[in-house]
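In the two complexes that follow, subunit A is the common piece, with subunit B as its partner first and subunit C second.
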Partner chain A sequence: MEIPYIVEPRKDTGLNNSKIAIWLFLASEVMLFGGLFSGYVFLRIYADYPWPERTLPVLPGLINTFVLIGSSITVVFAWVALKLREWRKFQIYMSITLICAALFMVLKGVEYNAKFGHQAIRLDDYTVIEGHAYPQEEGGDKKITKNLNIQAEQIQIDLKRVDDKYYETMGAQYGEHFVLAEDLTLNSKTKYEKGTAISKELIDAAKKDFIDALANNSNVNIAVARQASKDAGNQPELDGKRYYDKDRKDFIAKRTKELKAEQEDNYQNITPALTFIAKEGAVDISVNPRWGKLSNPKEGEKGTLKLKDETLISGTTADSSITMRVDGIDFRHTVMKAVEKGIDPEAAINNSWLLKDQSMKLIWDKHLVFVDKLQNYLDEHDKEPTDLDLYRITWQEIAGLMDKDIEDLEKMDHHEIAALFPGDIEGFAGANHTRVHYPKINVPREQVRFEAVFSPRWNTYYATYFTITGLHGLHVIGGAIVLGYYLFFGRKMYDANPEWLANRVEVGGLFWHFVDLVWIFLFPILYLM
Partner chain B sequence: MADSPEEIKKHVKLYMLIGVILFICTVLTVAVAKIEWLDFGARGFDAIDMVIGLLIASVKATLVALIFMHLNHEKKMIYWLFGMGIFFGICLMVITGFAFSDPIYYEDFFGR
Partner chain C sequence: MSDHHDDHHDHHNPGFIQKYIFSTDHKMIGIQYGITALLFLLFGFYLMMVMRWSIAYPTEPLPAWMSWLFTEDWKAQWLSEGKLPGETYNMFGAMHGTIMVFLGIVPLGFGAFGNYVTPLQIGAPDMAFPKLNMMSYWIYLLGGLMMCGSFFLESGAAKSGWTNYPPLSFFADSQYPHQFWTGQTQWLIGLVLLITSSLLGSVNFITTIINLRAKGLTWMRLPFLVWAMLVTAFLLLLAFPPLEVAGIMQVVDRMFGSSFFQPSGLYHQQIGLSDASGGGSPLLYQHLFWFLGHPEVYVLLLPAIACVAEIIPVNTRRPIWGYKSMVYGVLVLGFLSFIVWAHHMYMTGMGPAVSAFFQTTTTLISIPSVILLTCLLISLWGGSIKFTPPMLWACAFLPMFGIGGLTGLPLAFNLVDLHLHDTYYVIGHFHYVVAPGILFGFFAGIHHWFPKLTGRYMSRTLNHLHFWPSLILMNTLFFPMLIQGMAGFHRRWYNGGDAYLTADPDSVNVFGKTVAEYIDLNIMMSWSAWLLCAAQIPFVINLFGSIKFGRKTNSDNPWNACSLEWATPTPPGHGNFIEEPVAYRGSYEYARPEVEEDFYPQWKKPVTDENKED
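The block that comes next holds the complex of A and B.
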């Protein structure tokens, strides 16, 4: 079937149909991204934490902007080449466009990777520390351990909520160590004696029994209710009474009670949870922190680890601290909370848990020296330091100052100290931990208010960052697929009617320019503001 | 596009020029954010920086839309379609903006 008006314009619109279609689509895209941008604005205005402004490394974003603008130019040139019937030139320009698209996505991948590898912890006093989490014992396996650990004595499994994914992973740790605390007799008459080891079969059988019993009992209840209602209908003295009349209600309540007593044998036992105890002393159990929560994170004290499927693992809390190399310290949230409570911000910082650590205190003292020099410099220019200057220690600052003596720093001026900081290329997508061994700290779990990598989980800034740039990245991929199709499979179309392909490339190019247009706003908003 | 090959050839230089302007504007955006003596208003990010940043971005976006997307000489229909998209996009932001006057933000809201 021939599609009409793909090259020649329609009389009523004066345009070919594909062009109308792409502009309609772009109009809907404007509204989609407009909604996301307005979401960003409102999340930022109402943020209840200091917004992480100018927090992303600018260089990858800047290169990506160049790459996208460059590809916008080459896609126009590819279209021009087709209009002038220069197939070879079209191939060259379109290839460059696709290489740009690939480069953009690679850079985005580098950025995303750096974010997902970067640990952040909000401490109990709202101090934020950033860095890389490391194994408890370095040199061993490189797997990051920030698990919740407990020496378990008892496990209670909620049969209503128990989740196969959780049980199958945890089951390896439960092993044969845990046994039934009491005899269990299922409604199917199957018996499990006290001391039977925990197993998937046992859990599944008990779960099935529990669900069957619930279903059976509710069926009996429904039958009872129906019978009671029927009996009420057969009572001459209740003739004409409606369901809300007291007499009728009383009769039904009484009759239901009687019928339930009659049906007693048909009801089944409901066992909602199974309790298992450790066979020979406490067993070490280690859980991904996203799977559960420790009721008492303090090491050596009694506590319960509650998994998301309501499994309760009780025992003694074991060391669940997070060891990390710190490449960023942010006291802005601490200061914000202190100001809210009317406490002196400096006092709040000095009393913070983090500064009890000697290496962290030293970094803070060096930072204060730098801030002092900065203050003097800004005074000359009638400017004030920002909260970021005062309360945030960047990875550049830590890398530049950690090996310097505080006495030496005091002799330098602001510019000399700033010159010690590493440049943008060294930390292309964030602090580079292979070059600099940032100071190490061990954060006990009870000091952790919230921890996450720089993922959408960490805060609303990263949530919007990943949503909008992710969606934009999908647009880049989609656009590249369409433009790549014209490059690799367009020859047939070109031979049949070159104007047809030119129109297609123009329409694909319009989408590509739109993708560039979105990035033109995204770059300053996410990287520079 | 009803452009003849001769007209299109003439446009090539314009496309190059716009490309160069876009690159310069990008460098400028970063410069006003990163270079201290180009930082208008107070130190660090503030309202003036936001206005300047968004202004440069708007200029860039306008150039892309007018020249690369040929909106400088397009049929009426397209202006209507895209204009409506932008109009409703802005409406969306304004309507969300009414959240500012939500009584839940009145100080005595929970007191009553």
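The block that comes next holds the complex of A and C.
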């Protein structure tokens, strides 16, 4: 028997196999994206920080919406062409569908790329500033702009946890500058004298020795414990006593001690960590902020830098500040915290660290003028400005009002000021830093409560955005691969049985419609709400 | 069988690899699922035996027969003077749960029995999508190996319970630089793979059942097993995606530093203030997890109860009692299982209104479960019961599952749950359901369909050596858990309560005295567990030995059963049926007056004057 209903439908269900399968698959996809959307709702409702609203550039999203809708139409045309047995037309429409898919992904890539280059910092007083981070020193490597820096005097390496990648990256900085603080004798009798320079071989040898010693001692200990337990069993006065009985416990403790003493020669030395000191003066060491933590971020003070692999670098904290060009300021979180504590929000903003900077203060003053005019305008329409209007300064506002005098602004009305803001094309995927030189600010590390680029790390909104759009993007790619397969390798199927290919394209098209539908939900939820 | 007029000759003479390894035949895939799942079950059992040592004898080093599997380095890192430290116990506990549920029981029930039996019972040549079927198996295997392989990573395997609740799971292994190569992350990725495998499988099953039924096999003529598989597949299809979402979100949390499940201001004693944005919700994870977690219970149960429902009519020689109520019961059960999930979360502070809702639906769901069990029980009434090996297991299933189910009722009420939550009572309850319940059902199924696979019976003697010790030991293992649980023993004590003991009779440590009263049960339970392992040896010998040395069957239908799988040659070849089967009647037509024998197979043409010449 062969599997029936591959192409022709079964009479009583009216469906062929793949048609049923795709609807079932879509049902599970609905649950998948349903889960993500409910996650979004849950996170947004219970968010304990001001939810970022309308922070994404609308234009690319809007274009993408139409691109996907268009491709959904052409995929139907392609199917119709197959039904009418017009191969050429099928090729054309399917190609358009695939081009749309590619265009969608390219636009998505442009958006993603802009996000990954966009730095955000939550300051200690919960002020949020956004912008582009700059190298700490002009001409420096762009990647290390946010690094944690320390003038290291001593490095302690944990042999159990030391990580090759970390060590190799840092090794270039340690160079020959660090030497063993004390003599080291391994159990294999290899000797490293005090003053031996730090090296991969040394650490590897010590690590191997450490693990071997650990395994050896563990074996001895297990044997000792088993012997002690056995001896306790042979003790007539302990007969029938359970393991938690005090006499038995005491006996075992005593016996273990004795046995361990007997085994003394079989134990090996355990050196869990190696200490290296700087040979001549402190050495600058620069570390990716994801790799470790500064115990004292204040420049010029003593502190340690602890890496995730337990490597402990001690010395004097060096300049670890983040320099950035600011294209967005958000006081909503500050206000939220102030309200929680019963402080006047205006006072909290005025006392914030950020406004101690003159250029930032100027931006804020201009914003106050803008809000004032907006207030007047909204009063006429019996409306209230939202928190977003009051406490968030967008890149459009900074770019538009940067070069204007505050006196001039005061003379304008709301519409005139708003007209100064650049349009959507200007910042297609967000603030454009090549055209506009946004004001620069230097944020010392101790003022930084939390920093990230606009990645999933920055907040739950971006986490949701990247996860949903990322999964959606994978669906687009998957769908495009399947449809592309029919386009480029479908001819054989078509020649064998054109209805077969038409069925498959119908099924692929159903999936494509679903992918489109998900985006139609995504766009308003993520971009507009 | 070989059909020489077939176009696809290559299917009929496939090479070794194509036939036994990368097979697209549902029967071979079913067997692959079965063997893999049994191996995973064995490994999960082993982990549990080690854990039980730590519970029974927390101050004694592991005996050599338990620690032989560990390498020297592993012992150095994960044992402390030969004893199981809490962290290792947690790792074993988490992996025991995961392996048993996701890698053992689900693949055994749905993957093995579902794959092997369902297409045969509906008279189909294969699953609707054989290649997809093969892919399901391989993705499952990959996911399983990823999870178990993580034992050898520096971080060890996952160690935050089989539920993997954040923020506990977030901090676990979070200090490792390469997040991908940590047990926690591997667990999550393995889970996502397992879910993907189940989703592909469930699409395949439902399509097969809807579209590939034989001529005349209308819905109400389907064997109950097919209905159960259909409902199971729908549960997997609709309940698993939210967990897949939760898994993906946790992976993003771990690898890209997001805070889906990390609340603001999260602090860890050793790691300090978490370097995450915060603003997430651990409760969200629990909702997503249990949205799967509860239907999952029925994914485990339904295939087992289906096996029993197939075996009881065959061995009582009378139709199953209340077939229709069982079918509607299982459909209602499937639906209700989607709206009971938060009864796992009474202690999270969801609020009384939510708790009251879930308490109501939870008590409601006991109705269809009781219908199923009652129908099976009444089916025994007045039958001429033959205690064949499968029937022994099926008969034991009924009371064992009954205990498991009924001990669940108190937990449905959130007031009672306040006391019993996270105690050994819960462990006892669901182990009664899964081990002597579901697993017994599967043992029954293995004995029942083994003759179809091989043309030989499994040994009765060895089965007695397997069955009776298992039955007794399962009870001496799990019943004390209910008692300990009511006394307040917490399910995650790695030393069995040793830390709570007090030597001083005048101590104010009242709980310590309660613990002292019940702590000795630990030893009985642990010995039961280890002996239970020994009791499985006859089964292993039986399973593999009978392939070669079992008593031969004398027909394709050795049990004189009625459903379509017995109409195939033994073992069924590629394409299953020699000629297209037609179903003329329901699948439980025993003791019918029209025919001389006491069974009237589905595929037998009706005895009428018209077709007497047949």
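Brief remarks on what is shown
In this text, the second predicted complex is superposed on the first by the 504 of 529 C-alpha atoms of A that agree within 3 Å, B and C clash if a C-alpha of one lies under 4 Å from a C-alpha of the other, contacts with A are read in each partner's own complex, and residues count from 1 in each chain.
Heads up, the rule we're going with is that contacts are C-beta pairs under 8 Å (C-beta built on N, C-alpha and C of every residue); 3 or more make two chains touch, one makes a residue touch a chain.
This is a predicted model, so every value here is computed, not measured.
When the two structures are aligned on the shared chain, A:Ser28 is found in touch with subunit B and with subunit C.
In the superposed pair of complexes, A:Ile406 makes contact with neither subunit B nor subunit C. Of the two partner chains, subunit C is the only one that A:Lys246 touches; subunit B does not reach it. Shared-chain residue A:Ile477: touches no atom of subunit B or subunit C.
In the superposition on chain A, A:Tyr5 makes contact with subunit C only, while subunit B stays out of contact range. In the superposition on chain A, contact of A:Leu84 is made with subunit B only, not with subunit C.
In the superposition on chain A, contact is made by A:Thr13 with both subunit B and subunit C.
Once the two complexes are overlaid on the shared chain, A:Ile211 sits against subunit C while remaining clear of subunit B. Between subunit B and subunit C, more residues of subunit A are touched by C. Looking at the shared chain after the overlay, A:Glu384 reaches subunit B, while subunit C stays out of its contact range.
Subunit A residues 13, 15, 20, 24, 27-29, 31, 34-35, 38-39, 42 lie at the interface with subunit B in one structure and with subunit C in the other. Partner subunit B is touched in their complex by these residues of subunit A: 13-15, 19-20, 23-24, 26-31, 33-35, 37-39, 41-42, 53-54, 58, 62, 65-66, 69-70, 72-73, 76-77, 80, 83-84, 378, 383-386, 388-389, 503, 506, 509-510, 513-514, 516-517, 520-521, 523-525, 528-529. Put simply, subunit C touches subunit A in their complex at residues 3, 6, 8, 57-64, 67, 72-73, 75-77, 79, 81-83, 124-126, 128-130, 175-178, 199, 202-204, 206-207, 210-212, 237-242, 244-246, 248-249, 252-253, 256-260, 263-264, 272, 275-281, 284, 287-288, 291, 498, 501, 503, 519-520, 575-577, 580. Subunit A makes touch with subunit C in their complex at residues 1-5, 10, 13, 15-17, 20-21, 24-25, 27-29, 31-32, 34-36, 38-39, 42-43, 46-49, 122, 161, 163, 165-166, 211, 214-215, 217-219, 221-222, 224-226, 229, 242-244, 246, 249, 252, 290-291, 293, 308-310, 450, 452, 455-460, 462-464, 466-467, 471.
Taken together, the subunit B residues at the contact with subunit A in this complex read 1, 3, 5, 8-9, 11-12, 15-16, 18-19, 22-23, 26, 29-30, 33-34, 42-45, 49-50, 53-54, 56-57, 60-61, 64-65, 68-69, 75-78, 81-82, 84-86, 88-90, 92-93, 96, 99.
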